[in-house]
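So, here's a batch of structures to check.
One chain, chain A, appears in both complexes that follow, with chain B as partner in the first and chain C in the second.
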Partner chain A sequence: MSPWLEAVVRAVAVLAAFLSLPLLIGQTEHKVMAHMQGRLGPMYAGGFHGWAQLVADGVKFVQKEDILPARADRGVFRLAPAVALIPYLVALSVIPLSPTVVGATVDASVVLVLAVIGVGIIGTLMAGWASANKYSLLGGMRAAAQLVSYELPMVLAVASVALAAGTLSLVGIAEAWSPWWLLWQAPGAFVFLVAALAELQRPPFDMPVADSEIVFGPYTEYSGLRFAFFLLAEYAGIVVMSLLFAVLFLGGWAGPFEAWLGWLWTLLKGFAVAVLMIWMRVSWPRMREDQLQRLAWVWLVPIALLQLALTAVGVVMTS
Partner chain B sequence: MTTRDIVFAAVGAITALSALLSVTTKHVVHSALWLLVSLGSLAGCYLVLGQELVGLVQLLVYVGAIVVLVLFALMLTRAPIGPHAEIDTPAWQRVVGALLGAATTVLLAALLLPLFSGVTVELDGGAPGGTPAIAQAVFGTWVWPFELLSVLLLVALIGAFAVSRLVLRSEDETVTARGEVRR
Partner chain C sequence: MAGYLVVGAVVGAGVLLFVAAMAARRLLAPRAPWAAKLTTYESGVDPVGVGWAQTKVRYFVFSFLYVIFAVDAIYLFPWATVLRSADLGRASLVEMGIFIGVIVLGLAHAARRGLLRWV
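This part shows the complex of A and B:
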């Protein structure tokens, strides 16, 4: 296969995953949440258990009027959804499902994923400021404060895994994984999961979009397709974080018949993590802003630092 | 001219242009956003030069953290949408700023151009060294300057904490003093 053709095939495959996996997670959220709350969830769209509900939602979003607030900063307002969405596409393209099933091979892929996730935050801030709406601005400020706080423990937790594996490549980290990492890296895994939820602004960390206080935070003024892009970014974020958790802390493709079924194991582990994230949304009430900051600085950062020290001791002892 | 030369020239031009725009635009938040483009495309420059890790860390630290902080600080102010006469700089400040910028550019160019004018690096066979080489350099050859810098940052952090705590405490004391006076 010529390199250009291969590049096109890989790009199309990543794009297909980027457009289908978030919908799968969204549908799972509808159904899991509903059953946890003693409801049935969507049942009509598409016939079988409402499988086409999100497709119908997408069609609805496309038909809606595209509203641009009169006082908004037009250029920034229009650009914000793209800035929020595209980084997750880049992140998804370097996350491996197995050593061979990966969009693009990058040496320092784990740094790349963290870096582009950090860029995605800018989209939320741009939306919050450019809408010329006080609720949006408040939401944007909350988002910025939250994301700056939680980025540090997340990077530290990932650094611990990279240190344990001795490489910055996601493929290398998953290959170096062994089952006793489940115990050794458990504090780091906990920190990563909590920080990932906070970065995604999912409940119980949804202070920036708290609907009972500030309507929908930075996304208040958005409608139609642009709003759908923000929603897609949130679910794509869940996909990226779940797969990242599976690759970093659960060994990715490690499992029976991993030579043939490796990609399936990674997907299944990631799906389990995504269901866990949905479960947390259903279980816990929203945290207040000060509780949220306290959790990050008083608990997560020290735990991540301790994990880093623990990993360093382990690496020195075994090498 | 290889493809790498062309891409480098393009990314470098974007970096310089967005840097210029970030200091000349009249919109405060646009200025921060152009700074973001400039820092991001600087990361692109590093990538084109084969230093993947440096480019990614540039993206992680400057775009992901520093610009977010700048935007957050701007949100705490009354950063308006559109140009605003109240926060505009007077003409003499702009002239002085342009002069200082030009002087710094000339100084840096006079220093760096003779140093690196004849140096060539072979990039087509992969980056020289890559991540392990950078790790060796930072934690081997340059470990003392590196540690010194981290201590400097730590001192600044502790200083900031101390200042905020001291201000809080003195305010508390004045409050209790007033209460005692009232009693």
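This part shows the complex of A and C:
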């Protein structure tokens, strides 16, 4: 197969995964949240336990009037959903489900994933600024402060795993993983999970979109399909972060029959992490802005640095 | 390089998805704008002033700290690939220890001076 044709086929496959996995997570969130709160959740759309609820939501979003506020910075306002969404697609393309089931094989995939996730954040900032709305501006500022603070512990936690494996390739890291890492890299895993939740602006880190204070933060002025794209970006973000956690800290495809079923183990581990993220949303109240910053700088950064020292000393001692 | 060709194709697919979705929206969504609908939303009252109001940027110290540590983090990744080598491993461990130690000292100083408080 010519490299160009192969690239197109792979891109289409990644796009298909990108459009189906977030729906699965979204439906899981509807159902898991509902049952944790003693309700049923969606039951009608599609017949069986409301499985088509999110498809119906999508159809509704396409048909809604899309308002472009008169005061808004029009170009930036229009571009923001794309800037928020596309980086997660690129991130998903380099996350391996098994050594063979991977969209794009690149050498320094760890650095690439971290870099593109950082770009996605600019979409939120653009939305907050371009809306010319006070709620949006406040939300955008909060988002910027939060993302700047939590990016750092996340990068440090990932660097620790890269040190432990001695490679910058996600495939290489998951290949180097051993069950011993569950203990050795546990502080880093904790830091990564908390920082990932904060990067996604999910409860309890949803101060930038706190509905009781600033309506919906940076997305206040959005409606219709543009708003749906921000929602899709959030759920695609959950998929990316969960799979990344599974590959970096849980060994990805390590499991019985990994030659044939490796991709399934990665997906199942990622799904378990996603359910954990939903569980945290149901369990904890929103953190205040100063508590958020304090958690990042006083707890997560020092823990991540300690983990880094632990990893580096461990590697030098054993090699 | 074949990997980066795929990454490029994926970016193209993302742009195509966005353009196609926006075209679908243009075809399917109703459009009936009037002045009140296009006004900036401010909880139902008429907006006061402009949206880009002056505000105190409370987190600029955090962004300075972030820049310092982000540069530090970039040095960590190449280090990961040489830590196991026999001639560089131990020496690089000590050097990185000193390097990160200096930065942590700076963070501790910032914390002691109360810069990490949200004011």
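Criterion: the second predicted complex is superposed on the first by the 319 of 319 C-alpha atoms of A that agree within 3 Å, B and C clash if a C-alpha of one lies under 4 Å from a C-alpha of the other, contacts with A are read in each partner's own complex, and residues count from 1 in each chain.
Note that in this section a contact is a pair of C-beta atoms (placed from the backbone, for glycine too) under 8 Å apart; a residue touches a chain by one contact, two chains touch by 3 or more.
Since the structure is predicted, the reported quantities are computational estimates derived from the model, not experimental observations.
Peer 1: Just chain B (first), just chain C (second), both, or neither: which does A:315 touch?
Peer 2: Touch status of A:315: second partner only.
Peer 1: Have a look at where A:43 lands relative to chain B and chain C in the superposition and call it first, second, both or neither.
Peer 2: Touch partners of A:43: none, neither chain B nor chain C.
Peer 1: Just to be sure I read the superposition right, which of the two partners does A:290 touch: chain B = first, chain C = second, or both, or neither?
Peer 2: second
Peer 1: Between chain B (first) and chain C (second), which does A:280 come into contact with in this model arrangement: first, second, both, or neither?
Peer 2: Touch partners of A:280: none, neither chain B nor chain C.
Peer 1: Under the stated touch criterion, which partner chain does A:67 make contact with: chain B (first), chain C (second), both, or neither?
Peer 2: It touches chain C, and chain B stays clear.
Peer 1: Answer with first, second, both or neither: which of chain B and chain C does A:126 touch in the superposed model?
Peer 2: So A:126 only meets chain B here.
Peer 1: For A:111, using the defined touch cut-off, is the partner it touches chain B, chain C, both, or neither? Pick first, second, both or neither.
Peer 2: A:111 contacts both chain B and chain C.
Peer 1: May I ask you to decide whether A:76 touches chain B, chain C, both, or neither, giving the answer as first, second, both or neither?
Peer 2: first
Peer 1: Let me test your reading of the model: by the given contact rule, A:137 touches which partner, first (chain B), second (chain C), both or neither?
Peer 2: both
Peer 1: Which chain, chain B or chain C, is in touch with more residues of chain A?
Peer 2: If we count touched residues of chain A for both partners, the winner is C.
Peer 1: Return the residues of chain A at which the contacts from chain B and from chain C coincide.
Peer 2: Dual-contact residues (chain A): 71, 106-108, 111-112, 129, 132, 137, 141, 144-145, 148, 151, 155, 168.
Peer 1: Can you check the complex and tell me which residues of chain B touch chain A?
Peer 2: Where chain B meets chain A, its residues are 27, 29-30, 33, 36, 40, 52-53, 56-57, 59-60, 63-65, 67-69, 71-72, 74-76, 79, 81-82, 130-131.
Peer 1: Which residues, counting only chain C, touch chain A once they are in their complex?
Peer 2: Going by the criterion above, the answer is residues 2-15, 17-18, 21-22, 24-25, 28-33, 35, 37-43, 47, 50-53, 55, 57-59, 62-63, 65-66, 69-70, 73, 76-77, 79-81, 83-84, 89-90, 93, 96-97, 100, 104, 107, 111, 116-118.
Peer 1: Enumerate the contact residues on chain A facing chain C in the complex.
Peer 2: 3-4, 6-8, 10-12, 14-15, 62-71, 81-82, 85-86, 89-90, 93-94, 103-108, 110-112, 129, 131-138, 141, 144-145, 148-149, 151-152, 155-156, 159, 162-163, 165-168, 215, 220-221, 224-226, 229, 289-290, 293-294, 297-298, 301-302, 305, 308-309, 312-313, 315-316, 319
Peer 1: Considering the complex alone, what residue numbers of chain A touch chain B?
Peer 2: Residues of chain A touching chain B: 71-73, 76, 106-108, 111-112, 114-119, 121-122, 125-126, 128-130, 132, 137, 140-141, 144-145, 147-148, 151, 155, 168.
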